[in-house]
Amino acid sequence: MQKLGMGQAVNQALREEMVRDPGVFIAGEGVGVSIHDSPMLPTHGLLAEFGPKRVKDTPVSEAAIAGLAVGAAEAGLRPVIEIMFNPFFTLASDMIVNHAAKLRYLSGGKSSFPLVVRMKSGAGFGAGCQHSHNLEAWVAHCPGLKVVMPSTPADAKGLLKSAIRDPNPVVFIEDMMLYFAPGPVPEGEYLIPIGKADVKRPGRDVTVVTWSKMLGVALGAAGKLAAEGIEAEVVDLRTLSPLDTETILASVRKTGRLVVLHEASRTGGFAGEVAAVVMEQAFESLKAPLRRVTGPDIPVPASPPLERFYIPDEGQLIAAVKDIV
Amino acid sequence: MQKLGMGQAVNQALREEMVRDPGVFIAGEGVGVSIHDSPMLPTHGLLAEFGPKRVKDTPVSEAAIAGLAVGAAEAGLRPVIEIMFNPFFTLASDMIVNHAAKLRYLSGGKSSFPLVVRMKSGAGFGAGCQHSHNLEAWVAHCPGLKVVMPSTPADAKGLLKSAIRDPNPVVFIEDMMLYFAPGPVPEGEYLIPIGKADVKRPGRDVTVVTWSKMLGVALGAAGKLAAEGIEAEVVDLRTLSPLDTETILASVRKTGRLVVLHEASRTGGFAGEVAAVVMEQAFESLKAPLRRVTGPDIPVPASPPLERFYIPDEGQLIAAVKDIV
Amino acid sequence: MPASKEKKLEMLRSMLLARKFEEELTELCKIKNKIPGMMILCTGQEAVGAGVCAALEADDVIITNHRSHSHLLAKGADPKLLMAEIFCKRTGCNKGKSGTLHLAVPEVNAPCTTTVVGGGPPIAVGRAFAQQYRGEKRVTVCFIGDGAANEGSVHEAMNLASVWRLPVVFVCENNVYAGAQRYEEHTRAANIADRAAGYGMPGVVVDGNDAAAVYDSVREARERALAGEGPTLIEYKTYRWRGHGENDMQLYQPKDEIARWQAACPIPRLRADMLAEGLVTADEVRTMEAQAESVVLEAIRFAEDSPYPEPHEALEDVFA
Amino acid sequence: MPASKEKKLEMLRSMLLARKFEEELTELCKIKNKIPGMMILCTGQEAVGAGVCAALEADDVIITNHRSHSHLLAKGADPKLLMAEIFCKRTGCNKGKSGTLHLAVPEVNAPCTTTVVGGGPPIAVGRAFAQQYRGEKRVTVCFIGDGAANEGSVHEAMNLASVWRLPVVFVCENNVYAGAQRYEEHTRAANIADRAAGYGMPGVVVDGNDAAAVYDSVREARERALAGEGPTLIEYKTYRWRGHGENDMQLYQPKDEIARWQAACPIPRLRADMLAEGLVTADEVRTMEAQAESVVLEAIRFAEDSPYPEPHEALEDVFA
């Protein structure tokens, strides 16, 4: 099987969908002519292949970029826009939250907004809190939006293709550090449905629910725990909204224990939603308290030792698991 | 004791703080000259009393309004800005989330941002989802911000005064429907500390955690439940961030049962945080599953029967409580 | 090409309809709980909607805002469905989900109405981009107010539309107020249209109470857009007779200012011109007025007789 | 009042310092993992920071952006503390919390630096509001790039500053690129300064490689601001010699364009003028260069010798 970084997998999905559907176009800051020239990046080569009509470099104007998507989607095109880094979602958020997500409802179901917002997220590249601030919990708390946050190149490809074909607005969040970690990607066309979690490692003793880059931490920790006889089941949400509560509940009903792991800061993070769902619907199965392993309630600092301190690691996850097993 | 609506109580707090501290000024759309002429509204009469130097009507420019607060606060003034309705928080969110909340951290603690963002929220006035969209969970998921959401006029007054004196950015969210519901307010100066929840009704059978307008629903339901012999303890968070976990935990350790009630839509709402805290730290005390009573995962509709359907009511809360007691 | 007789008749008809439509709403608002939510009227500004839409083809798109009645009626929206939506009834054009503030009528190419001030222009840019992308000979008109011009989104949208030569016409209805704030208090430049040069596009100031002039200016901007030269910003000087909404006490609006602008009402003005030019007779005008009245009264009857949506219908129409 | 001898010496000194500072950073970036995160240099643009800051008093405030080295050095920031912060060390001016992108130096009245493009102007408006509120005879200068000018926040801030006559000077460094995008691809107007008229404020275009001209233009804007007449937008035409960041391959930047602008380097230009005017001797210039070098090398030594912060220090400085 081909080995690709997540950026390359996203790139394949974009290419295939642009070939398939002439209504698909991409727009954003540097999606065409870029300061980088790396084939590891998601939009590499697309300008050369599809030309400036379908690969649109925009001014530094996040609200206009998002509005472009809203209007073009209503007209029946399939915009895939890029918001360079998650903190800049704020600047596009009126268009995405008050418009993309609501205008269909406000029209009584007459207008539709099939658009994709791709967004880079994650800490780990030393740029500090105005570039690194995971806000997936914001997006997941917004009726009318779907939220996808893949953890592997293979998932990213199949999910992005589904997102582009979805008749609704989808926010697709890519942890930038995953661009550079190659993984197997099936050849040829395939789709992964939005709204389905994936058990990335089965286990009987504890359920670890996670998504995006933290999957790697979860699997690493699970391997080490297994060596000590603790079998963690790792559930990769893949989609935060709509949330696959069935898969979560089935796992917790089996293991009786829940740890939620995410990179975003703790208070108000999406772990709370997972905890609430479990506490509502699998209470009788629970044998132990919840543990959350998350970023602390601070902005992401720039200095390497501080940034490492911010990002949850295997040691913290292992300690949390052992605490409740 | 005087009886005031929450708008009047906010007004008193603003007046007293403006008298006390010449660095306090207010700014926003219509905070001075207004289309309304109602003494029930928070900024009524302040322009006449303090003049246009300290009561600043702004253009319709939410980012500039928020930036005004950031810059003026750094200079040592005490800005109190108003974002007219919660959905427009999106337009100010870059300034509030990426700047007010982070610039102190980014400066290594050298610069400070003592500002207050007042924001109207809540459904119930038939304006639909671009005016009504409770996003307190967004703000509470942002390190560097404090989030206050009072439920009574008396709390509003004491909390706003604390917010204005706080050396950090505070987002102060007022449910507009509460402006018109008079309640007792102590005469004279008093402060209510940020970060302290309040048990608004003691009870032994179930803990209802809520905030803002939903307190009324909680107390109404608690009264009816009491008539049936079920004693609900109603915990009013008042501050979402920093969260008073002690008060929540003490209550749940006593009752063993938790219902969280909020008006915001369900998925990703702040109920999740409350649930997670309890599940982490009071697991052994829990006798029953969690119940959440919240707005559904839809935008707030305009038509009265639809909007009523959206807003959680006593019936739903009573049913949820009975389900687990 | 100045407005033909037919176009002038169309404009007069749509102004009469919008005026009557809103005069009735003014009255209905006095009846407690008759109409839920806010009520935002464009009484006195009808020449803008009428002139703009008369200059458009059916397939041209408009993106409008909170003060949309005359725009939508002029674009051909069914008054019954609009009225029912304003009443928040199930038969309304948006099934009661919207109410008066975000009336969307995709049937007449008014697919996205937003009450977020400044929300329209970025969307209009996207709609116009689709027209350009597909090679359609169509334009998108975006209505904003003078106050909206100070939103950042409007700036970003105008710049992008100009850089990409998109077929957009930005229509700014300068009605002197943004809420309770006078123009001079929110903008220092003499005209909003003065901003166009900063985007490398034409900025035009037009008498917004002169329907024929409105028509002409949009025809010209439309030509330019279709020729691939990009957007135009047209500012129409007009006036908001009524308050920001019907709950506005208008304490800040000088009475004589209102009277002055009422004396400059766009409807008698167009009517007088047409009578003078012999394009219409006094009798024909009376017939048009009667028609407008009967259409509006029928719309109100329809709205009043319609049921509210069932509560659980709130759950529909979130996702496609 | 044109720049005095002292002011010109100050500008030359600060340009030499900034140039040396960044030349060393260029070299350090070639050493893997020497400096964490991004590296964004203003090499070639030093006349703007030098000229602007020479025209300011110590109590005047600057709000700068991601490309801030020459601004901060010219405003008097300690090179050691800046360098240590760029190295992400505990001794850095922001204790390693910021790194290179948001260097804040309140000690020299550069209290809020933001790497959110367009984030500066609204904050500058607030800072200038405080100056006006307190009756201080001070101004706030806000640095933005040509690309930033297309952010909505900049529009809102310029409008508000002008309506309220705030003492702000908006400085737009037009260095031809925003990331990999050329000016013509993001803006259709010939100049960013053409936008000023739309806010009712003066817009001035100045050669950004002419330090003395930069100085003059800011003195004038500062006078205007202090006289209560409000903001000015000054656009400096200059050029980004290096890539957007040091990881930029510059494939899109024509080599001959870079060469042309390098030939127009602001440093030899000011030096030549000063030599011709007899304000400085060649020997004195060499001494200044040597001083700059020793300051920079000492700063690097300080940064290299400094410890990283302890991990748990990440938890500090969130709240006051």
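Order of writing sets the chain letters: A, B, C and D. Residues in each chain are counted from 1.
As a convention for this text, contacts are C-beta pairs under 8 Å (C-beta built on N, C-alpha and C of every residue); 3 or more make two chains touch, one makes a residue touch a chain.
It should be emphasised that the depicted structure is a prediction, and the values quoted were computed from it without experimental measurement.
Asker: With centres defined as the mean of C-alpha atoms, identify the chain lying farthest from chain A.
Answerer: C
Asker: Where the centres are mean C-alpha positions, what is the separation of chain A from chain C, in Å?
Answerer: 40
Asker: Round to the nearest whole Å and give the separation of the Cα centres of chain B and chain C.
Answerer: Distance between chain centres: 36 Å.
Asker: At which residue positions does chain C touch at least two other chains?
Answerer: Correct list: 96-98, 102, 114, 116, 119, 150-153, 156, 159-160, 163, 185-187, 318.
Asker: Hey, what residues on chain A touch two or more of the other chains?
Answerer: 58-59, 61-63, 87-88, 91, 94, 98, 105-106, 128, 130, 143-144, 296-299, 301 - these are the residues of chain A that touch more than one other chain.
Asker: Viewed as a graph of touching chains, is the assembly arranged as a line, ring, star, complete set, or other?
Answerer: It is complete, because no pair of chains fails to touch.
Asker: Under the touch definition given earlier, write down the residues of chain C that touch chain D in their complex.
Answerer: Residue list for chain C touching chain D: 150-156, 159-160, 162-163, 185-190, 194-201, 230.
Asker: Please output the residues of chain B touching chain A within their complex, sorted ascending.
Answerer: Contacts found on chain B: 87-88, 90-91, 93-94, 97-98, 101-102, 105-106, 128-130, 133, 135, 137-138, 140-144, 241, 243, 260, 264-265, 267-276, 278-281, 283-284, 286, 288-292, 296-299, 301.
Asker: In the complex, go through chain D and note every residue touching chain A.
Answerer: That would be residues 36-38, 88-90, 96-102, 114-119, 147-148, 150-153, 178-181, 185-187, 243-245, 247-252, 308-315, 318 of chain D.
Asker: Please give the residue numbers of chain A that touch chain C in the complex, ascending.
Answerer: Spelled out, the residues of chain A in touch with chain C are 25, 53, 56, 58-59, 61-64, 66-77, 79, 94-95, 98-99, 103-112, 114, 143-144, 167-168.
Asker: Across the complex, what residues on chain A touch chain D?
Answerer: Chain A reaches chain D through residues 29-30, 33-37, 57-63, 87-88, 91, 125-128, 130-131, 296-299, 301-310.
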